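Both of the next two complexes hold subunit A, though its partner changes from subunit B to subunit C.
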Partner chain A sequence: MNAATAPIPPVVPVRPPASAARRLVDAIGSMRLAVWTMLFFGVLTWAGTLAQKDLGLYVVQRDFFESFFVRWDTGVEIADTFVLKIPLPGGYLLMLVMFVNLVVGGMLRVRWSARNIGILITHLGMAFLLVAGFVKMHYSYAGHVALYEGAKTSTMVSFHDFELALLRKDGDAILERTVPEALLAGSPLLDDAALPFTVRIGNWMQNCEPRQKGPMFEVDVPVVKDPSGAGVYLSQMEVQPERERNIAGCYATVVDRKTGAESTGILWGADFRPHDERRSPFTFEADGKTWGLDLRRVTWDLPFAVRLDKFQKSDHPGTMTPRDFSSWVTVFDDGAEQQFHIYMNHPLRREGHVFFQTNWGPQPGSSLRGPPWYSVFEVASNPSDYWPEAASYVILFGLLLHFVLKLFRYLRSSNHNATLPEMS
Partner chain B sequence: MRFVYAFVAAFVAFFATTVAQDKKAVNPDRWDEATLELMATLPVQDGGRIKPLSAYAAQMLYLVHGRRDMKLDTDGDGKTDTTLLPTEWLLDVLFQPSVAADFPLFRIENVEVLDAIGIEHQSGQRFDFDYISYRQLVGAGSKKQPAETLWELASTYGKKPTEALAPVEAHIIRTNQGVTAYSTLYGLLAPLYEPHELVGAPIRAIYQDREEATFADLVRKGSEIAALVRKNKDNPMDPALGNAMSIASALTEAAQGRSRLAIFPPTGVSKDEPEWGSISMLAESSLRGTVTEEQMSMLDALQGAVSGPDESSRMASLRKFRNTVVARAQLRGEYDKVPLENYYLAASWHYQALHWFLLAILVVAIGWMAPRSKTLWALGAVATSIPLCMLIGDIVLRSIVRGRPPILNLYDTFLFIAAVGVLAAVIAELITRRRVAIFLAPVFGAMLIALARAFEVESGDDQMAPLQAVLDTNYYLATHVTSINMGYAAGMFASFLGTAWLVLNAIGFRRGDEAFHKSIVRATYGVTAFGLVFAVFGTIYGGVWANDSWGRFWGWDPKENGALMICIAQVALLHARMAGMVRDFGFCVCAALTGIVVAFSWFHVNLLGIGLHAYGFSSATKVALFRYYGVQLTLTSLGAVGVMLQRARKPALPKVGAAASAS
Partner chain C sequence: MFVSCGLLNAQFSPEKRVSAEQRPTDFGQDHRQRFGLRDMRGTAAAQDPAATTPGFTAAMPAGWRAATPSEFRQLNWKVDADPEAECYFTAGNLRGGMLANVNRWFGQFGKSPIQQAEFDALPKHDLMGKPAVLVAIDGDFRGMGGAAKPGYTLLGLIGGTDDDMITLKLVAKSATAAAERERFLQLGASIRRGGTAVSSTAAPSAAPSSAPNAGSATVGDGFVADAPATWNAQPTSSFRQLNWSIGTAGAECYLTAGNLRGGKLANVNRWVSAQFGQSALSDAQFAALPMHKLLGGDAALVSVRGAFRGMDGSPKSDYALLGLVGGTDEDMVTLKMVGPAAVVEAERATFLAVAASIRRAGEPAPASATKPSAPAVAPAPAPSSVDAAVAPFAAAIPSEWQAMGDTGSRMLRHRFGQTGECYVGQLGGELAQMLGVWCGEMSQPALDAAAIAALQKQPMLGGEGVLLDLRGEHRGANGQPRAGMRLLVAVKSEGQGVVFCKMLGSEHEVEQERVRFANYCATLKRNDG
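Here is the complex of A and B:
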């Protein structure tokens, strides 16, 4: 080889070293980060699905998908010494990273060209979908309304969460203040100078039931007298994975500020009948007034009242397979009345609240028997109600556009024709 | 339950006079074709819908026999002489019960089941199935009836969790389910067989001094018999009453009995009176005097078909019964789709397609021998397209019969996914023309149709059952369900292609033909992208449906999670490819493993027993699923190792500099 025939080395343009900020943006918007985030999200989803069998949906949703980190208890024992627990990034963290990565890498850094129009539209739809999920998580709430035929209400009740309501009878009206469940565990003292008493909460139990104290056994919780004079105590029950099946309870000790007199009662969050107005709070007298403490599912006011006019359930002939559940309701709003028909897949949407036909009763086999029937509506308030549907159209359009264009480009390319085998 | 078996045993004994001595030889009288055709389209109401008798028969035969036909040895030479189709079998059971009791009916896959229930057998474990007859189970004898032992064992094992059941125990439970279902069927016309002697003036007065009455006669005068009983309720043992009380008891027993197949359409419109009557319901109505003239005429005809004096009169009565029922069903607007469903079952296009797919595999395989022959390539494409069209036709026919979009249950998913997967393969083949996709297509189609058949046998359910209230929306069934299953289909077929690439490379097939192997990767990419579009849309639209049904877009339900996992797997795969994180090898390994994710979402989440989609569980499905996981993992692992070994063997290319130096 001589110098004249030696290959000329290619000229490699020398780029100036990227700044730290630039490298950070590159990393945040990189496709590698997208792939790793998705892989972790896939593993988390798989783990969260399997974990539901033991933990139930509520706990899994909270611990796996609405968290920053989770330690997945696989239940697998290693050499009979310890249970394998795998740390994973939580769903909230992963979706946050995914959103930032999507916006930075998939929308801002990607070249805005006709070639990438499908990708841009798809990423826009995905980002919108994640935003919808964020809004749903932080700004929505859901509960239920259960009504017998002819009954009317303007409140909805949570499926899961409890609250302590302090009630005061004021003439015909009842005034109330509420304390959320999160503040009730850990034996808190409710002390407000405006009140003539303090309330000490003790022995908070997530799932329990009151039982009569017999002479043959002892219990390690207070025993209180019920109106008939019998001793009653709260018995701890196994916490159910389906959180709506748990009935919380606790002891409340009221101390009069003036006299120092104490009275202790049991608060139990059971709701025996649908939308039972006749609840039985723990009542006491203080400062010449009648007060009450009621442990109940969190209750929200609706912007209108609703009455169940008629409920109808029909089965496929000769079977117990339900064919249809239907409720006819009347909505009372600002003096006006309006009738609606709510049935499966056809909810009532009104003033930011959506009513879904979700259940009915009394079910066969229960202690109660119909008629009269009651109908149960799930009620949700979600500002991003329609956003996912809009996002799905955007994403579908983007994906179709991208892949169809890509296919046509490929079919028209010389690359494709070159790979076709020769046949005769 | 003991009572049921005692009743059935007595019933069998009643008909046992003409039993063939040789257990294997059974020779029922054959039905003429015209009667069979007519009876196949007799509408019956079962499982909440109107269906042809042929569909009911097929479902029952599947449930108890595990097949859609029954092979009989009529002369005892050990060879099949005749094959009964479902309608013929059912007519034999109903109208020739003594002969049908000897049919080789209940499929026994494990001889330990026979040992457990006390049925003697000559051979040990066989590779094929043993079939035992109903008479072997409930035939009168000094020993305890095997059916009774079977029921006791099934009751004991039924208390165990499904996953804790040993195969024999699960088999015993399944066999008992078949026997129970068959007992009901067997006794369906039982009340019509025995004439009732009329003794005593009061009861004879009702029947104009006749000495005997048929069951239809009892029903006709049911209200008068009830009045007679009420009149004499204070002195029921009065000898002057004769056997009036036992006649009334016969009617009451029939009313409380097991003749529950609804075959008598009411006279009113279907909206107001949706429920059809059965023999038991007619007996009950007769006591209240509410049987209509038309229903009475139907029952008379059916009675004539059972107890007519001769063959021709029995056949004439049977035809009259069928025609009366059809005429009423037509007036009620319930008959329109019955003939079509009967045709659908008889034509069984998907089953025909299975055979054609097997033929197509052969045709394409021959085509591999002449890779440059365009004719053979086209022949392979046509051979695959014919069963594809049949399969699509089958799906369309099912949709028309039900008046619904193509997928309503897990069974439908097999057929739909087979069709979409094969269609995607044909398109991929037209683009690549490498004969790989077109070879895998019939394998994929045949495998899924075979799985559909196995699933149908295992579940024993009506695969056209009406929908639950929450699913009653054609809009979401057509959008969400269809698109998510297109995602499943593409994901599965991409997994097939990825696995094929690995296996072909591992065995060194067309080593060095980069264009060939590249085309498989491109096809895998294309099918994955096709699947992604539908998986993403289907998943999100499932959320939209959930938002309309349950008030939340996303609830982390296992089925939702499964669908999300498919989307994540496909999106991650395509992004990893774009980012250069995986090349052909890595891409195909990941695509192959995506099949496991699809299977997890498609079936496994249903088996977890949690969430809103916990349906379709069966132990056989679980076993099949884990077998698939095992096969897919093994093929992927072996393929990957094989490819790495092949690459290690590949001779290193000479260095550019070295070549230049040598020159």
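Here is the complex of A and C:
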């Protein structure tokens, strides 16, 4: 074969090299990134589930799924020298990456045409689902309300979190100002020029209880003396994985701006609802007024009041395990009264708040006995309450549309092939 | 981190105005009131009854025995003739008003509520020295949400005011309730806040004279003692599970269990040196102290006389102290009497007799404990017959456990893990009764017959016992709750009592030692066997 008869190679168009920005956009919107993200989600869920046994639900949710990064302590000792800790991307970071990947890959890079309309809608629904999670995490709050029959309340309290409340009585009202728990652990000085005193928080303890000081032992925290001479101190307790079982506490030192007089009190966040709603703050005098400092579960005021009219529980035969339980409540709102029946999967929804029937008490084994029983509702305020449901419908519609269009295209192509003339 | 770095500034939120109804607040309370702590000496409570929940005393009827008190049962009893009968006194922890509470009782029998006029027409009887409404309800009793018990009667006395109620309640089979009715009413009349119960109305002749604990007993926080009428029961406190004042000259006597630190010698030397200004005892001197009975075990008897300087700091001349120190360095129990030397010397024999009578609530009185009476005729201290009645045991001890040294009531006593303890004991009483006591320690309801029958079997003492396995919050003798605990008790009925192996520790530690515990129980035998 000579050169004159050699076949001429086909001409391949040469693409100009992609710019760095284009390559970045391609990478961000790539299927590869989507697969890696899903893979890490799987690993994170597996690791979080294992860690929950030791750390509890609250800590795992916070450290694994609401974080950017997590160091997963596997508990596996390597050669008796160190414990294997594996760094992983946190759930927050993964969801952020997934959101960007969805938007870039599934909505910007994809060709906007009628044939892709189903895919676009599906990706839009998925992005909406992630936005709903973001809004819930940052703009929702949840707590509980526990009521005996006949009792009425218009407040709900957090399961987990505490706050410092500065209280002052003003006629029939209470004036209050609060500081969230997250700002209390670093021994902050609360120095507000509008107040006639400063408050220094110290010895923050996640789980503790007040005890009386005896003569035969010393403690490494301040001992606060009552007028009777009795000494009281805060005793650190082992922190429980179930965060709702921990009762935080701290010391508060109040310094009067005018006189310089100091008084120290113990704050302890125990909550005895529904048996006793009254709070007993550390009380002091300043500027001729009586003030109180209280460490309490974060407390929210509802825009309406709820009264438990009736609680009903039936047990499995011969046991104290409830078969079902439900509550009848009356809602008081602007002078109007309305009755509701709350039971499993049938919550009360009102003014942005959802009341779920979640528990009851006194539980067997506690020092109290029922009847009378009390009913416990989990109350959530979530602006994106309905968004996941709406997103699911959007995703469903997008997928259906895509499959139907695909089916039509397939059928049309089959008919077209069947009508072509046979080539001879 | 951000706060300490100054990146986040902790400030109060803007002021918010809420109604006092939304924020029910009690300003002005001191720390003990805010946290429900009781005064160590109990004196502040006596001066200000509203400050704390003071103790109560009552003249326990013959044929009854004290049971462990709880938050809602400041006084609690069982009736020997009917193991299912229960009677208890509740003060200050009730809400909803008297009529609502009585109607709750009617509800427990499936009866319709009564109206105020009917309530007002109910008969009155004495409760704590004041008229109280007597309620009697017959029918099918449904307590704790469990199965209805037919043929039951509730006798209830309810007094005080809607805001500060007191109740005495007996729930028993109707026949038992009828037989105990008079004793129940006399019991109500005898209840007193703090001081000595009015005993003249108690112990009707119908009761068998040999019944345990017959006559007046002082019931404290988890402990019971037979004390003479001249000793006045005082409110208990964190450091005084039993507490008496003696005479009018300032003498006092009290039991402290579980709340002491520093070891036995250090505590004795606190009395001798810090309070009486005398030379501290050496180890050898302490070891040579005479021994007497306290809570079923041996305790060293300390006797000091001189100038006394107590917690208030003021010196008192010619005082004396009698102290019994028992248990171990880690789990001490002391009974201490301090007062003018003349009083203390006169009460010496009574002191030793009271010490021998002290038992944990729910336990039968020691057979050897001679009931103390007036000081002049106080009997000699009880002989150590308890030891004679307790045969020593042997068992295969896991090498991982550390011996702690036996006390009179805790044999083959060992420690495991950080806080776990395991030992063998024996007590008088029925199996169901003892199981109920242990359930009570774990804040759980007593087991019924079906639940007892369903308990897992555990080989021990050459036969078969049952194994109780409970998890939750443990409340020991000192009343302090400990969460996340697990209690294993292998128990076997023997004669008039039970022999048991008891393991208590954190859930994690007990789980690790479970198999060893089973082997420890299976190899348990009497040394003579």
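Just so we're on the same page, the second predicted complex is superposed on the first by the 363 of 424 C-alpha atoms of A that agree within 3 Å, B and C clash if a C-alpha of one lies under 4 Å from a C-alpha of the other, contacts with A are read in each partner's own complex, and residues count from 1 in each chain.
In the analysis below, a residue touches a chain if its C-beta (ideal position, glycine included) is under 8 Å from a C-beta of that chain, and two chains touch if they have at least 3 such contacts.
All values reported here derive from a predicted model rather than from experimental measurement.
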Original post:
Thinking of the overlay built on chain A, is A:Gln206 touched by subunit B (first), by subunit C (second), by both, or by neither?
Top reply: neither
Original post:
Thinking of the overlay built on chain A, is A:Ala132 touched by subunit B (first), by subunit C (second), by both, or by neither?
Top reply: first
Subject >> subunit B versus subunit C as contact partner of A:Asp324, first or second or both or neither >> reply: first
Original post:
When the two structures are overlaid on chain A, which partner does A:Thr358 contact: first (subunit B), second (subunit C), both, or neither?
Top reply: first
**OP:** Return first, second, both or neither, reflecting whether A:Asp315 touches subunit B, subunit C, both chains, or no partner chain.
**Re:** both
Original post:
So, A:Leu184: does it touch subunit B (first), subunit C (second), both, or neither?
Top reply: second
**OP:** Answer with first, second, both or neither: which of subunit B and subunit C does A:Gly42 touch in the superposed model?
**Re:** first
Original post:
Which of the two partners, first being subunit B and second being subunit C, lies in contact with A:Pro372: first, second, both, or neither?
Top reply: second
**OP:** Tell me which partner A:Ser67 touches in the superposition: subunit B (first), subunit C (second), both or neither.
**Re:** neither
**OP:** Across the two complexes, find the residues of subunit A that touch subunit B and also touch subunit C.
**Re:** 315, 318
Original post:
Residues of subunit C touching subunit A in their complex?
Top reply: 1-4, 8, 10-20, 22-35, 37-40, 44, 70-72, 95-96, 104, 107-108, 143-147, 238-239, 259-262, 266-267, 270, 311, 442-445, 472, 483-484
Subject >> Complex contacts: residues of subunit A adjacent to subunit C >> reply: 148, 150, 154-155, 166-167, 169-170, 172-179, 183-190, 192, 195, 201, 210-212, 214-217, 224, 226-228, 230, 232, 238, 240, 245, 265-266, 268, 270, 275, 277-283, 290, 292, 294, 301, 313, 315, 318, 320, 364-372
**OP:** Show which residues of subunit A lie in contact with subunit B when the two form their complex.
**Re:** 1, 30-32, 34-35, 38-39, 41-42, 45-46, 48-50, 52-53, 57, 60-61, 64-65, 129, 132-133, 136, 142, 315-319, 321-325, 343-347, 354, 356, 358, 378-380, 382, 385, 388-389, 391-392, 395-396, 399-400, 403, 406-407, 410-411, 416, 418-424
**OP:** Spell out the part of subunit B that touches subunit A in their complex, as residue ranges.
**Re:** 45-49, 262, 274-276, 371-374, 377, 431-434, 465-466, 468-470, 472-473, 476, 515-516, 518-519, 522, 526, 529-530, 532-533, 536-537, 540-541, 543-545, 547-558, 561-562, 564-565, 568-569, 571-572, 575-576, 578-579, 581, 597, 600, 605, 608-611, 660-661
